[in-house]
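Note that subunit A is present in both complexes that follow, paired respectively with subunit B and with subunit C.
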Partner chain A sequence: MQSRKVPQPGWNLEYTMWMFTRLSGLALPVLGLIGITAALVMGARTQMDLGTLMRWTFFPNVSHVTSSNIPDYVPWGGAFWQIMQIMIAFFGFTHGFNGLRVVAEDYTNPGFWQVFWRGIIFLVWLFSLLAVIFVIINS
Partner chain B sequence: MEVKLKVFRYNPEDDEGKHFDTFTLEAEPTDRVLDLLEQVKNYVDGTLTFRRSCAHGVCGSDAIRINGVNRLACKVLVQDLKSKTVKIEPILGLEVEKDLVVDMEPFFRHYKSVLPYFVNDDPPPMKERLQSPEERSRFDDTTKCILCASCTTSCPSFWINEEYVGPSAIVNAHRFIYDSRDQAAAERLEILNDQFGVYRCHTIFNCTDACPREIEVTKAVGEVKKAIATGRLE
Partner chain C sequence: MTLDRKVGLLAGLRYKGGGPMLAWILHRITGLGMIVFIALHVIASLLGGDIGIAINTVYQSLYFQLFVVFGIIFHGVNGLRIIVLDLWPKFIEYQRESTWLEWFIILPVYGLTAFVMISRFLAGE
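== the complex of A and B ==
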């Protein structure tokens, strides 16, 4: 049986965030895999313990490997790893805060309280993201 | 065998409020829960109010909560219940009018909102609008819905927010969206691509468990979400 095409409905917040949640859910483990693979290539197998490797995998910040036996920290820092950290923070925070928004909207109807909770969640998301980007850039 | 029937009671015209009455009845293991309710109404307390029509699992009018889960009273046998105390309550999420009767208006309002009828503006052919067996089988599952509201009233998203269109309405939209002869799939997808459309479904499968016709309700909701995301009806 052949599939039929149907005009897609227009984009809205619900659809956009529904898609984003799925794509970010895929992106986060892929970014983690890139982190752990690169760490193993850079010598993590013999130069750091498992805990340090896991911290790096989930957030590839150079401060996570300073207590290991890595002789040269230069490959573990730099713009590439900063961009990776920002991407992980963006996908993770947005995924999580959108989950909070969905929970809040399960319990509220359109109106004041829905706008209020959306606003609070948006502001906390924005503040958290800006704070983490500040820390990444200055670490 | 002796069965204790603990029944939710509410009469807006008296001062007793919402409470439970317990009836001790003699029942055969092959009796249905509906038979127990009929026994109470006919021989013990004629004021007990509940809906029933065909009594054979076709009309869907006697959907109630039996020991905490949504079932049709006419399809559940006493011998299949794990306890000799049977707790009977109205389905959740809809306002109780009296005893086990709830106001179905919000449920049917959502049902009507998804255009649950065949739409095809082409001139009708001389004989019939042909469809292959494969095309017909694509939406076979969702044709089985009897609008009993068991699925919608087992859904926590609906309990919390009555504006959610609910699984039953999505199932009935699915039935026509995937019908190869129908021409209003895009309109139905547009209606369901809404804050209170498919996105309030968090796939907890209560609806699939509750359906007395064994429709794969959560799967149908997922297929509608997929159609919205891809623009393809596969």
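== the complex of A and C ==
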């Protein structure tokens, strides 16, 4: 049985992503709580179905929360909420697609297929992030 | 140069990891579930049309949302447990007990959410 190759200590990809996963895991509930608190302050008190709740919490975009009963959507279009949405999307997608990479690399051996899946996941991550930022800026 | 374990599916199923193993495997399943859920939701919004409406109709059904809520709550609470164990490694000695503690948090939170969702669904809202 061969032992696993351990990368050099320091800021390599695995250590960086290990740290990022924990930090973004802490950041996402905090950002979500800010979103849902702001929605309640802006007057969203009734008709709290789950889809609406999740839209306010995880993606408080001005065109995304229109099916809720907030009387005034204008504040959601401001720069603060756009930055919040980009942060949530960046933390969420990076956390998620890195997790997908970790799972994929658990079931593949180093070599062509591992590089292949890493590349595919990187491209999907990049496309998702660009699509979300495009949606945020154009809404 | 991976470890040459040669562990088959049956041997894997017989492995008695208990609470921490259940938490690990559920963390993985719920995480993959959320990535697929969000990716499909984004694709449905981009596509629009019949396919987009069909996907979003599934997302709005109670049965599907009960799974999504469980995934989000479990993944969140279990992730916080992992962060606590990583920041204070002394607690790893008690990781089995920590999985009991997390179910004491998850079950009431999920139970209350599911109760509200089901009672509102039965009330026809």
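Things to note:
To be clear about the criterion, the second predicted complex is superposed on the first by the 116 of 139 C-alpha atoms of A that agree within 3 Å, B and C clash if a C-alpha of one lies under 4 Å from a C-alpha of the other, contacts with A are read in each partner's own complex, and residues count from 1 in each chain.
Just so it is clear, contacts are C-beta pairs under 8 Å (C-beta built on N, C-alpha and C of every residue); 3 or more make two chains touch, one makes a residue touch a chain.
Keep in mind that what you see is a predicted model, and the values were worked out from it rather than measured.
With both structures placed on the common chain, the touch criterion links A:D49 to subunit C but leaves subunit B unconnected. In the superposition on chain A, A:N12 contacts subunit B only, with no contact to subunit C.
Contacts of A:N109 after superposition: both subunit B and subunit C are touched. Residues 1, 3-5, 109-110 of subunit A contact both subunit B in one complex and subunit C in the other. Taken in their complex, subunit B has these residues touching subunit A: 132, 134-135, 138, 157, 160-161, 163, 177, 180, 185-186, 189-190, 193-195, 197, 199-200, 202, 225, 227-234. Those residues of subunit A that touch subunit B in the complex are listed here as 1, 3-10, 12-15, 18-19, 102, 105-110. Residues of subunit A that touch subunit C in their complex: 1-5, 22, 25-26, 28-29, 49-51, 92, 96-97, 99-100, 103, 109-110, 124, 128, 131-132.
By the touch criterion given at the top, residues 1-4, 28, 31-32, 34-35, 38-39, 42, 46, 59-60, 65, 68-69, 76, 79-80, 82-83, 86, 117, 120, 125 of subunit C touch subunit A in their complex.
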